[in-house]
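In structure tokens below, several structures.
Two complexes come next, and they have one chain in common, chain A, joined by chain B in the first and chain C in the second.
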Partner chain A sequence: MRSAGDRLPIWITGLVTGLVFILLYLPVFISLLFSIVEIRQGKILWETLSFKHYVTLWSNPSVMGALSNTAIVALISVVVATVLALVLALYTEWEGAIGRRMLELVIYLPFLLPPIVTGLALLVASAELGLNRGLATIVLGHAVFVLAVAYRLVLTRLQALPHSLIEASFDLGAGRFQTLRYVLLPHLASAVMTGAVLALTLSFDETLISTFVAGDQMTLPLRLWAMMRVGFSPEINALVTLVLLVSIILAIIVAWRMKPRGQVEEG
Partner chain B sequence: MGLELRDVAKRYGPVEVLHPLSLAVANGEFLTLLGPSGSGKTTVLRLMGGFTEASGGQILFEGQDITMLAANRRPFNTVFQDYALFPHMTVLENAGYGPLVQRRNGAKTAKLIDDTLEIVGLSALRDRYPAQLSGGQKQRVALARAIVCEPKVILLDEPLAALDATLRRQMQLFLKQIQRRIETTFVFVTHDQDEAITMSDRIVVMSQGRIEQVGTPKDIYFKPRTRFVAGFFGDNNLIPGVLAGPDRLQTTAGELLCTDTSGIRTGQDVLLCIRPESLKLGQGPVTIRAEVEEAIFGGAMTKLILHAVADRSVKLDLRLAGGQRAETPNPGDMVSLTYDPADAVVVSR
Partner chain C sequence: MTEMRRRWLIFLGVAFVPALLIVAPIASFLLLSLFRAEKNVIIREITFGNYTGFFGNWTYFGTFLGTVLLCLEVMGVAVLIGYPVAWFIWQQKGSHRYLLLLLAVMPLFMSYIVKLYTLRSMLGLNGLVNQALLGLGILERPSQAFLFNQRAVLITMVVIYLPFVILPIFLALERIPRSLLQASLDLGAGSWDTFRRIVLPLSLPGTIAGALFAFVLALGDFVTPQMVGGTTGFTIGRVIYSQFGLAYNWPFGAAMATILFVTALIGILLAGYSISRQRV
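After this line comes the complex of A and B, so read on.
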């Protein structure tokens, strides 16, 4: 029999976990609440319950423009970063690779540096190179930023691949491209996908780097910042709720995909 | 003709892992490279397979120089120690990988794959993934995958190392049967002496990057030519002495005889090797007086551990046929031992 004392740690752990969840998700909940009802003098006016602020958002061209920009930037930068990550990981794991350490430093640095430094560096670089700031520079900034994540995931998976599989493929008569197609890519596919989703999440709510390189273009987080400067409207809450929702969904996908799937081997 | 290595060497920087060695493998032969870890046996196999580049020498197949030929262009296939099955492919897809990348398809190839899976007894498991297979089954898939490519030589890198004892014995027999059935050259790497003896047509014993001896299992077992080979198989009796005449040795255990002294000069320091099963109780042309230290009953055989009376440091090992009524000496008994001088061999010390 368990005594009450034995259960105490479980209670405490449960309580702490609950508190953490409340602290983390209460603001989300409040944003959600404020986006669908009005609150006056600390009272929730349930009769005002409506989704009209979401509709307003939908018909707000500047918000929709920012949304489509964010989508374009996220998609292109993720595709670029993922393909680059794959190529670079294959290169650094290749036994004849030279400058492996230098290359890895270059890949990781933009992610490890404070975004403000990365953003500023990109700004200076684009100015020096005479690039017009706009969607292209944002794509570039995001690609550079999320590359590290995609690269790390692909590389880890690649390193987990027993070298004998590649030798076996050659041994059975395959060339380099056949080995890539039939052995390496299937092995890396899920890591590439996970890396892409994670990169998408990062790109979706990236703000600081975007601030420097956006020029006159707006992404959703930038739009949000701009809107908040003029005051807190229910629309902002609607927008925040949407951004959070998308982020959470992507995060759940990543967490689910990164969960190790153990396969039990028979003796 | 077959496969031939001529003065092939391998160096990693200043470290010579394989001293220049020459070796010929006949077509259809089951050749085993046997040696402890670090002896260079796997390096030889990898050189044959094209996974390691030789630092010197030539590799020939059917008279053609294949030293620089890439692994995917050699008519050899390898069964890897860890099986190296593609985890995302089923048994059938694994077996069909060779034909797939070699762009061989059609009914004939499909039948070849089916037949091969049948031979290795995997037809029922064709849709399973490697993770759903046992060690022995994976081993069979790896073998089937190689056989399907119809190679001229199959290279096997310690393929039974990961299996338990019972399965090992089954697979030894199975591999031997398969090899006879498909009439393909097998080059087999192992560190297990029993495995080498039971399976091979010829054995290449290796140590520290050199070939110690090449010969049939019987040769290697009964006629070792080097000290290393003499000590490598089981509990060989090794008695140090000096060769005093064409067939006479002076040892601390007395004067002993040996007919086979080829390659040894009179006056040379030698080891006389007598297999435990060649040593008998009783008197004969040569007699060694010995004291029994222990008698260990082992079912079919009883093992006697003795030492020579003239020199306690000369340990001797003898096998007696078992049987319910067999009389075995007891520890402390003084006995006479003898052997046929034709069954003994000397190696230089």
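After this line comes the complex of A and C, so read on.
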């Protein structure tokens, strides 16, 4: 149907897209490669292929400590943020919040602002309050950071629910709590879960806010950053590959859950 | 209890947590910026000395303006590359389109520090960029030109913030009803006219919003300049960071962070305004 002239934009933008994807994904493959083989003078020495650097990581106490910190921080902050997001979304949508736009701007701010601002704000506040910096302050930092995405996902689902559902529930004699428990929450569950996984992904990688509030604690990205300052090594590449792998898996889970079913084929 | 009082009580109960965790910390560093530090001790007297010191000293104010300029460049380049990518993905059909979108967005979830590390190793003296240019015969010797300077900061920031631009542009394009495009083609407009008169204007608000998000994020970035910027790639984020570390002047750092905060907030509000102007 289309003439050759019409195809030209597709080819050009396709070429740009291809180059961009190479640029975005090449690093992943390079670190994977560097982590399993030695490369000298631009040549890959396949005979050196081994996974020993991954094994070394396993017995590196500072890396494992950082890993467990990251897991603790991610789990607690995601639970805190998710509960908060649920309450806030229910409030703004069903109660018709006072100053809703203002409230939403505040919720979105830590996600939209440069992380240095959010990090500094929490650093100064915890110093003023005399709080010791450590895991607790990292948890708070991550919770406010991921709150925005959890809130947004729950709110979108909430807005899509028909009001008649709630009215029917009230008409049938259910109270507020029962309506929440038996009508709203089941409908919101999958959005809440998606939001939680997305929040987990963000928390897992969060570096810039953490560096201000971590004190002497290390999360995995902070440990990685510290290792990188020292230089390049196959061990770093192994860790980098693992971190990327976890992020990619989490991102695919989110994408799969958010996939717009049934409307993909339109057009 | 009146209805109004009940509503206010609920509001206070719910808004209390974000106020405590988000508004109060920001307020506390705004306040700190009005104090001054003497020999590592913070003196709690209200003064605008940090601000006059900032605007009066070209080392700081110039760095700030330089950073704004750099981030505008990052934004411009990211849009010039990101728009064609978003448009191409939008032109695809079915699950193919969704897969490409996923690939474009996934780097958002990849560790920032990891991307920095890999980009730094690519731009370095023995890095892939140099190897490729040597292989193609464009360079005779490996060049230092790609690392530890302002250009390296620009390249790295564009790569890191590109997905933040692609996603909003794609979402804006996707909102354009097919019927509008069909109508335009039916009325005899060519594909270029349809793009220029329909697609571009309708996707402009989303594009501006995406560009502004990239600008705001790049503005505060202090690790990229530190990792790939060397001694010439100084940005305001790096200066602020040093005030909380080695230089140890928290009030002055807070004042510069306040200026950054205000600039970022203007960017965010403009982005929000731009999105609200979307007509489809």
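Rule of thumb we're sticking to: the second predicted complex is superposed on the first by the 238 of 267 C-alpha atoms of A that agree within 3 Å, B and C clash if a C-alpha of one lies under 4 Å from a C-alpha of the other, contacts with A are read in each partner's own complex, and residues count from 1 in each chain.
We take it that a residue touches a chain if its C-beta (ideal position, glycine included) is under 8 Å from a C-beta of that chain, and two chains touch if they have at least 3 such contacts.
Since the structure is predicted, the reported quantities are computational estimates derived from the model, not experimental observations.
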Which partner chains sit in contact with A:Asp171 here, chain B, chain C, both or neither? Use first/second/both/neither.
first
Looking at the overlay, what does A:Leu131 touch: chain B (first), chain C (second), both, or neither?
neither
Looking at the overlay, does A:Ile72 come into contact with chain B only (first), chain C only (second), both, or neither?
neither
With both structures fitted on chain A, tell me whether chain B or chain C touches more of chain A's residues.
C
Once the shared chain is lined up, is A:Leu33 touching chain B (first), chain C (second), both, or neither of them?
neither
Using the touch definition from the top, say if A:Leu24 reaches chain B (first), chain C (second), both or neither.
second
Considering each complex separately, which residues of chain A are in contact with chain B in the first and with chain C in the second?
264-267
Touching chain A in the complex, chain B uses residues 49, 51, 70-73, 76-78, 80-82, 84-88, 97-98, 100-102, 131-135, 145-146, 149
Touching chain A in the complex, chain C uses residues 7-8, 10-11, 14-15, 17-19, 21-26, 28-29, 32, 81, 84-85, 87-89, 91, 93-95, 97-98, 100, 102-119, 121-122, 128, 131, 159, 162-163, 178, 191, 195, 213, 216-217, 219-223, 227, 237, 240-241, 244, 250, 253-254, 257, 260-261, 264-265, 268, 272
The answer for chain A against chain B in the complex is residues 162, 164-165, 167-175, 178, 182-183, 186-187, 263-267
Which residues of chain A touch chain C in the complex?
6, 9-10, 12-14, 16-17, 20-21, 23-28, 30-31, 42, 84, 87-88, 91, 95, 97-99, 103, 105-107, 109-110, 112-118, 120-125, 128, 140, 143-144, 147, 201-202, 204-205, 207-208, 212, 221, 224-225, 228, 232, 236, 240, 243-244, 247-248, 250-252, 254-255, 259-260, 264-267
